[in-house]
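Note that the chains are named A, B and C in the order they appear, and that numbering of residues resets to 1 at the start of each chain.
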Amino acid sequence: MSESLVHVRDLNVRFVTRDATVNAVNGVSFDLAERESLCILGESGSGKSVTLRALMALNPPRRTKLSGTVRVGGHDIITASERRMADIRGSTVSMIFQEPMTALDPVFTIGRQIAETVMRHEGLSRAEADKRALELLELVQIPSAKRRLAAYPHELSGGLRQRAMIAIALSCRPKLLLADEPTTALDATVQIQILLLLRRLQQEMGMGVIFVTHDLGVAGEIADRVAVMYAGKFIEEGPVRDLMRGPLHPYAQGLLGATVHAGMRGERLTTIPGAPPNLERVPQGCAFAPRCPYVEEACLPKVPDFRSPVPGHAARCVRVPQAA
Amino acid sequence: MLLYLIRRILYAIPIALAVGLVCFMLVQIAPGDPINAIVPADAPQEVVEQVRRDYGLDKPLPVQFGIWLSRVVQGDLGRSLATGRPVTADLVSAIGNTLMLALAAAGIGFVMGSILGTIAAVFRGSWLDKLAVGFAAAGVSIPHYWLGMVMVVLFSVTLNWLPAMGAGPGGSGSWAWDWEHIKYLVLPAVTLSVIPMGIITRTVRGVVMELLNQDFVTTLRGKGLRRGGIALHVVKNAAPSVLAVMGLQLGYLMGGSILVETVFSWPGTGFLLNSAIFQRDLPVLQGTILVLAIFFVALNLAVDLIQTALDPRIRRA
Amino acid sequence: MSTTTATTPVIAVPQPVPAPNRGYWQGVARRLSRDPVTLFFGFVLLLMALAIIFAPWLSPHDPYQTSMIRRLRPIGFQDWRYPLGTDELGRDMLTRLLHGGRLSWFLGITPVLIAFVIGGTLGLIAGFAGGWVNMAIMRTTDVFYAFPSVLLAVAISGALGPGISNAMLSLTLVFIPQIIRVAESTTTSVRNLDYVESARASGAGAMTIVRVHVLPNVLGPIFVYATSLISVSMILASGLSFLGLGTKPPEPEWGLMLNTLRTAIYTQPLIAMLPGVCIFVTSMCFNMVSDGLRTAMDVRG
């Protein structure tokens, strides 16, 4: 039996500083098959980016405490040394960030930033690496790629910068691509182009992709499966169509209710009252209970288990029926 | 870029002129008749009047400034009241000595400061960081003329390792790069280096700390770069601002070495200034300060241009 | 954000309310009370201040009383009347150090205070008025920036000649441009903030805007910067006296004492070091307290 590309069990991430301990991720478990794409959906502060970074041990060292099991492409991430992680990062798994302006080094050319990744992992010479960099810029459809190799990040538009970022991430043909809100900082028209590019590249290169976003539109565009995160936990998980049509968890319903999408003419937009919990103390029961319109006694003593009314779609809510 | 260069150089010219004006005014604000800055106080009256006419001191101030400026541009800074020698002649050797001392001190201070600052930033919050920060604070708080005396007491009086004063066995004129001479440079240079060391430590620590918090460092880690690879990026990003501070510090050392030179009797501009103050030798005071200040202006300009050349964000703007 | 709102969830998250002014100062006090380093150096500073203020009552001797027969007595309790020894003219060191602090502190702090008032005002005017007023003020400070500060201080007081008031004048002139720059840049940045713009748009007068919006926000950073100058000022002031440009003998002042004791470094090095220790400790304390204030008040730069 072959192992899935990503295997996460009971992942906990805590940030420990002298003043406080923040429980950013509290017991996340999931698997991702090769070539599959998962979208993690949640508000800022829900722990989605932290989860993503934990997959390549990229949270700030020293003050980050990881526990649980994380295996990516057969590598154990939690126990790997920083040296070993450096070999895995960029080659087996790589990441695209939200803000390409700050995620790229401002004083190195685009070409150099791509080439150094290739040189680092594949031991190519400078000339070979430069050639590869050019191919990559063409792959991500940057016009007049040759000239752009010598450009600095501030000389490119936001969309081109993000394409360059993608080129860096793909430079060593990773098996898994992580994307942290890759389109949030871009204009709406550019967003679509980047999403289409990512979808095409995923299919061509056969990568697994995990997306983090707070934008439901992005999720629907690219994901096979969607997981909704709240207060450091997955609270609902399912195929993208099922989840968009019939969210089970009251939080997911609120999230969809607060969003404008097609076929909603005449309906009222709803908002979710209240604010997410402070993660310095994790609540004993369902973290959403204080904001939930359907809260009942059973929500409070312990975190509800996943309940699944149909195979493949499940939510942590006591009101969801469990199929036999 | 070329436009910026020209604009920056053009901007330095009025500053240099204004610096000249301030130096010219130094003699005007000095108590007594400005003529006393040119002729000794005991000169006969007809000589004084003769000089007054020759130097145009009977004309209005702006005209006097023009006359003074035209002489300065030709390299004529007047004559010392104490020795009668041209100020320019004394200044040339003094500036050489001061530059040597300042460069040595800057070298020590910049290397130590960069190392301490980097360590402090990388191990932020650890005891190493606290130690480096404490060291830096002590470096900028210490009265260096006092530190010089401590050095003399320790290494000259008590241990008898290094000479306490002067610039070599043959006096100021015969410098050579051998240990016999260099050992005279050690104590003043180390003493003078504590201030730039403190400031560079703080600067490097701040800059590196800020850089390590930037998103692009996470990207670099995400690409699988090891410490050495990331360090290359950090150095190239930090270089423009750190070099700018270093350039200014070199200028401050040139201008600020007066106290240390006095303690060690180092025959540089500071020593010259000190004796000029002591003897109220205004032409020497004025000339030395003018040359040091113009040097500082030129240094500022150079730093600006280098910084621009290093930073692609400004270079192509 | 204009076109993307259509697909972004509109989850009602309460916006952080800007903390009222009172809460800010309470926060500063709380952060300071949790900072043992700053508290320690502040405490040392307080002790020194008290010792200096009460110098006439604390000192065992007359600071000017010389004696040829008890010159350069060693530190220690061989002679309990002179615990810190005597100087090159037989005056009691403890007494001279206590009295010397008065002049050294006065010389160090006064120029910064005057420069804070003058430089702060000019900087505020330059930053708030903008235009040619700003040009005139800032280009003038540029000229003074063309001199390294030690050199400028030496130049001015060297030309004016020795004396306390000349030394203080030259130090004040050194610090004014530095404070102007900080005041101007903070004022300019505050002036361009949205809420000041909106106050202007709602018809508030210039004086009201300065009083209500600008002053409370710029005084903090200028003040913190000024406190960081005290350390420099103490060293420079003592340095001028050391060069013979500040205080004149026989006045007790740490820099001058350091200078006159230079001849004693071969015979009584420890005594010769004492005034320097005082300058060092004072300047270090002012530096650390200023750093602590900067952190507690969250002033950047």
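By our rule, a residue touches a chain if its C-beta (ideal position, glycine included) is under 8 Å from a C-beta of that chain, and two chains touch if they have at least 3 such contacts.
Predicted, not measured: the structure shown is a model, and the values here were computed from it.
Visitor: Which chain has its C-alpha centroid at the greatest distance from the C-alpha centroid of subunit C?
Guide: Chain centre farthest from subunit C's centre: A.
Visitor: Just the chain pair, please, that has the highest number of C-beta contacts.
Guide: If you count contacting C-beta pairs, the leading pair is B-C.
Visitor: So how far apart, in whole Å, are subunit A and subunit B when each is placed at the average of its C-alpha atoms?
Guide: That gives a centre separation of 53 Å.
Visitor: What whole-number Å value describes the gap between the mean CA coordinates of subunit B and subunit C?
Guide: Centre separation, subunit B to subunit C: 23 Å.
Visitor: For subunit C, which residues count as touching subunit B in their complex?
Guide: Going by the criterion above, the answer is residues 142-144, 146-151, 154-156, 158-161, 231, 235, 238-239, 242-245, 255, 258, 262, 265-266, 269, 272-273, 275-277, 279-280, 283-284, 286-288, 291.
Visitor: Using the touch rule from the top, collect the residues of subunit B that touch subunit A in their complex.
Guide: 214-216, 218-226, 229, 233, 236-237, 311-313, 316
Visitor: Residues of subunit A touching subunit B in their complex?
Guide: Within the complex, subunit A contacts subunit B at residues 56, 58, 83, 86-91, 94-95, 97, 99, 102-108, 116-117, 120-121, 152, 154-155, 165, 168.
Visitor: Under the touch definition given earlier, write down the residues of subunit B that touch subunit C in their complex.
Guide: Within the complex, subunit B touches subunit C at residues 15-16, 18-19, 22-23, 26-27, 29-31, 137-138, 140-143, 145-147, 149-150, 152-153, 157-158, 251-252, 254-256, 258-259, 262-263, 273-274, 276-278, 280, 282, 285-286, 289, 292-293, 296-297, 300.
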